[in-house]
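Please go over the structures that come below.
One chain, chain A, links the two complexes that follow: it is found with chain B in the first and with chain C in the second.
Moving on to the complex of A and B:
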């Protein structure tokens, strides 16, 4: 690519690798409802960084990150331990660890700032908000290797992780080391968080993990595909954010990466095919339309059975005028209803349709009376869907029930 | 030592810092209690990070670091965080935690980018948002209109918010209480749960915004959660919990300010560390929910169960033997000694015999076991070979009143079926 100097390239590779690893572990965290645990973890790394610095007295990144990893892990362990032995709930435990550890870290870093004279603070301060541009070749190599390791572990244990996300009880019955798997997941999360710290900083690390996973979740429903898509989104937004911030020099890369991935999230939220806001609004609109059309046909059928073939307009357009109007238009467009002077009447096709709808409704009512407990998903009195939802024998049985009832009523 | 303590506490500089710290942590503790009870602790985290763009925009629009425009911007951003995360959770099919995570990190990133691109080279930097500037409190004092004393300027918003919080909480105390513990009941009583929720969110946003100028955004999270969680370990009722939480907030403020002075470090950091210490102390030592009292209660119960089992076995051994013991090893030794010390065994040895009182107790236990077996068999239709274990476990927990009731019911039923 033209205009891409060596430094930018190094940073680009680093952020892409980071984004991929964060997408993978982030989707695991999302499925276990642990998204904000990543945030607590990131904040909990600060005292470790400061202690490592105080202890060794040098500002080498690997040493600081080891300290970060250890104190982050301690924080996570406390978060998962507190709710089990006390009445403190998980959310409060996360808040506790996040606030207290970060406070201790700030107190320590204040101490360092005032006592250690040559501490230019750059090493510690850059961890708070991240300094992507300061990434060196060695850092990139380290991030790349660690990301590969994280992805490799997740790939080899994908089946176990899948079960632990959706049915931990099953894993326990199967005799898997559920606790160890859980700890491994937390460890992978911690490693990713620690890798992301120098790049995007304490506060925005959570974004690297959460946002790509949430965006991917809007598009897909399957575990493996979710991870792959989250990894792709994470990598792409990492790369794009880095390029943008290299282009506009005043902007720090970390926040730009986050903003790029939030934009992608907003697009996903709007446009995703099944879970997207637009798709759901359209679905709900078409469902309303179908229901109103059905009611219109039923109304006309009833009028016909009373000998009135044509119903005047004014009878139909009462409340919810626009919906009625649209349903009438759609019924006419589909050839079920025809305009008849001042009113409207059923066509032959519409008559058939209305009869089918009435039968389905009767069947549903029979079924609902029959079944004591009904899955809520099934109770959608949608026209002619009954054969698709209930087994054929059940429909036959219901029909027998219905006919015997009408005969009984006649006799 | 004590003199030194008070001297350091009441030196004017420290006192004004302490005043700000105590008011901030009390205000946070008050609203934090309701957040913790409603499992919304992390909302404080989300709000305190999410206000950043509001602050920056307030700054850019007004062009100065005057408080009012920045506070208005921050309050708007805070409400945006709560409303957006609620909306994402309810309409975007996204897990509540993740929704909050998306919203506040996005806003924070937006804030930093705005700050770097439009508000550069001013004394507004991410650090002052993260850490707060409580140390500067004594440098900017104002005198109050009707009082003689001079107070730090940064105390004013915090004090106002604290008073508003107190008034609102007292005014809607009953509603808040019911909504915190049983939203369904609240709804059925005709309380507008949504309105109460929004009111609480408004209080939290206001408090967060007013406090973090002094104590910094992350420490607001600590102040919201730590005192409330500490109080939760000490109290079982709401009113004491609120009072204890506010008291804990004061303690944290005092310890934090003194510790920061002593160690020469940041006040908010030390306050959070002090909060952590106080919480750890409570987790271990709380009389009702602490680890030590929990361990003590559990050990006592285990010992009672073990000794009752051993007593039964010894009593039964006079009639039949060959049955394997349920209690082995150290527990058995401890149980035998307990039984001897209570005077239920003749000697602390394996070959000991139950005393007169021991026999009486064993008989009572045996009666309960049989009763429970009968109950399981008749009322719960448990198969014969599954009776032994549950009956064994439950016999230790039946008090005489419950036994009486069960035996009455069983007798009545048997009378019915035979007649």
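Moving on to the complex of A and C:
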């Protein structure tokens, strides 16, 4: 590959490993509802970076990142501690820590810029927005190795993390140390945030953790597969962003990585099956169509029972509470109704279908009558769903009930 | 003498400074079906969590089969939490959730294998939902969610089961399935403690009741304890509930019932 020198290759491997780790811990954070906390954590690292620099007076990445980890963890501790001892709620605590820590960090870095004039202070800037090109060989190797360690821990503890995320109370009854597992998970999150700092910087680190996880969640519905897909997205966008930023000197890696993953997110949001915007719109449209078609058949059946085989167009279309054009078209296409000059009438198939629908609805109402409480999901069903849910013996029982009731009413 | 399945002595539990359970004393013999009854916020869930060791105890103690709660309690205690306590949009399938009931036995790092999967499938069968095994939990109805939780508890295969409102918001078919399961557990000599909100069915389902409202109002065999006076005391004279209660008792006893508080207190 032209232009891909050895150094870029090393940086590339490092950021891919980092992207994978970010996808994995980001998924866990998403499931524990900690995405916002990840952002506060990232911002809270800045004062630690500056203080570590002021303390040691040298720009050594491991030292700066140790400072970042410590002040990030301090921020998390404050976020969890404030709501317990004061009336401040978690969301406010997160906002508070994010703002206060970041403000202090900015003030400190301004101070450093004014007082320290040697070239080494340039490294601090890159931690704000990320600059993979400035990363040293050894730093990259260390970041890659640490990322692999994070991935390894999650891999071996995936069953334990699953139960402590999904149902901590149950997990504790089963004897798992859920609190320790939760703290470990938080620690891994903090480590990943810190590892991501040199590449994407304080401001965008949370995006690197959150976006792959949220995108993956739109496509998949299994815990393990979610983490794998988020890892793939994180690794791929991390690598691609690095390459682009290496190719075009003026582009900092952080924003490029985030732009790449954001594009993927937007595609996921639109196109994901089931959870995507388009799929949802289609589903809702077909539900409405289904419901209106059922109502159309019921109206026609009722008219027929009053001896009116054909109902004028104007009685069904264009008025309130009535049927839309496209539902009528769909009923015609399915062969249930036909146009008779100016009117609409049921076909033989449509008549059967309408009878079947009415029967199912009667059974369903009788069935729900003696239910202690009605599940919201079970109210708006069509005849096919009802027939699938009601067991055969229940249908017989309900039919006996219904026929005895009509006899009772007649006599 | 055999020690009771659950023994609670002088138990007080407080969240911060406010006590939500105060001076609770009772014991449950093995193999009984016990209902916990009381108004909202009475501390029923908290009592269950205290027995399970999930909330810190301010004073008093809890013993399970004559021993304090240990870290490794999964073979002894099975738990069905309140349905709303988890995120039902979590990316797992029904089988994944039921398999969690085997995690305690599996221990660190070991993954569920074929044997565990088959066992979980049997547990689903026991609740009549084996066809839902690969279903995403976000696609379940309320009654199905409850059955999944019960199947998970079955998978724990414990001696003592604690269930927090398993009958809340379920359809008639699910209620039947749960009752059938409770009967099966009793037949196997398991002890089951159930938080219950439907006063009409208490007499039918439970051998023993605990009436709770911050304090223990009464505890003992259902026929002796589930009386109008005790319910009146438990519900603090709230009329709508009380009428329901009176009706339930009238149906069950055909008389006013005898007032007998704390039959366990002397023993």
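Just so we're on the same page, the second predicted complex is superposed on the first by the 376 of 411 C-alpha atoms of A that agree within 3 Å, B and C clash if a C-alpha of one lies under 4 Å from a C-alpha of the other, contacts with A are read in each partner's own complex, and residues count from 1 in each chain.
The rule is simple: a contact is a pair of C-beta atoms (placed from the backbone, for glycine too) under 8 Å apart; a residue touches a chain by one contact, two chains touch by 3 or more.
Remember, it's a predicted structure, so these values are computed and weren't measured experimentally.
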So, after the overlay on chain A, do chain B and chain C clash or fit? They clash
The chain contacting more residues of chain A, comparing chain B with chain C, is B
Looking at A:251 after the superposition, I want to know if it touches chain B, chain C, both of them or none. Which is it: first, second, both, neither? first
Original post:
Looking at the overlay, what does A:159 touch: chain B (first), chain C (second), both, or neither?
Top reply: second
Query = Who does A:86 touch here: chain B (first), chain C (second), both, or neither?
reply = first
### Message
On the A-aligned overlay, A:169 touches which partner chain: chain B = first, chain C = second, or both, or neither?
### Response
second
Touch test for A:221: chain B only (first), chain C only (second), both, or neither? second
Chain B and chain C footprints on chain A meet at residues 217
Chain B partner, complex, touching residues on chain A are 30, 33-36, 38-39, 43, 82, 85-89, 91-92, 94-96, 98-111, 114-115, 125, 128-129, 203-204, 206-207, 210-211, 213-214, 217-218, 250-252, 254-256, 258-259, 262, 265, 269, 275, 277
Per the touch rule, the chain A residues reaching chain C in their complex are 31, 156-157, 159-160, 162-163, 165-167, 169-176, 217, 220-223, 225-226, 370-378
Chain C residues touching chain A in their complex are 49, 52-54, 71-74, 77-79, 81, 85-87, 90-93, 96-97, 100-101, 103-104, 106, 108-109, 111-112, 136, 138, 141-143, 152, 156, 167, 169-172, 175, 198
Touching chain A in the complex, chain B uses residues 36, 39-42, 44-45, 49, 88, 91-95, 97-102, 105-106, 108-110, 112-113, 116-117, 120, 126-127, 130-131, 216, 218-219, 221-226, 228-229, 232-233, 260, 263-266, 268-273, 275-276, 279, 283, 289, 291, 294
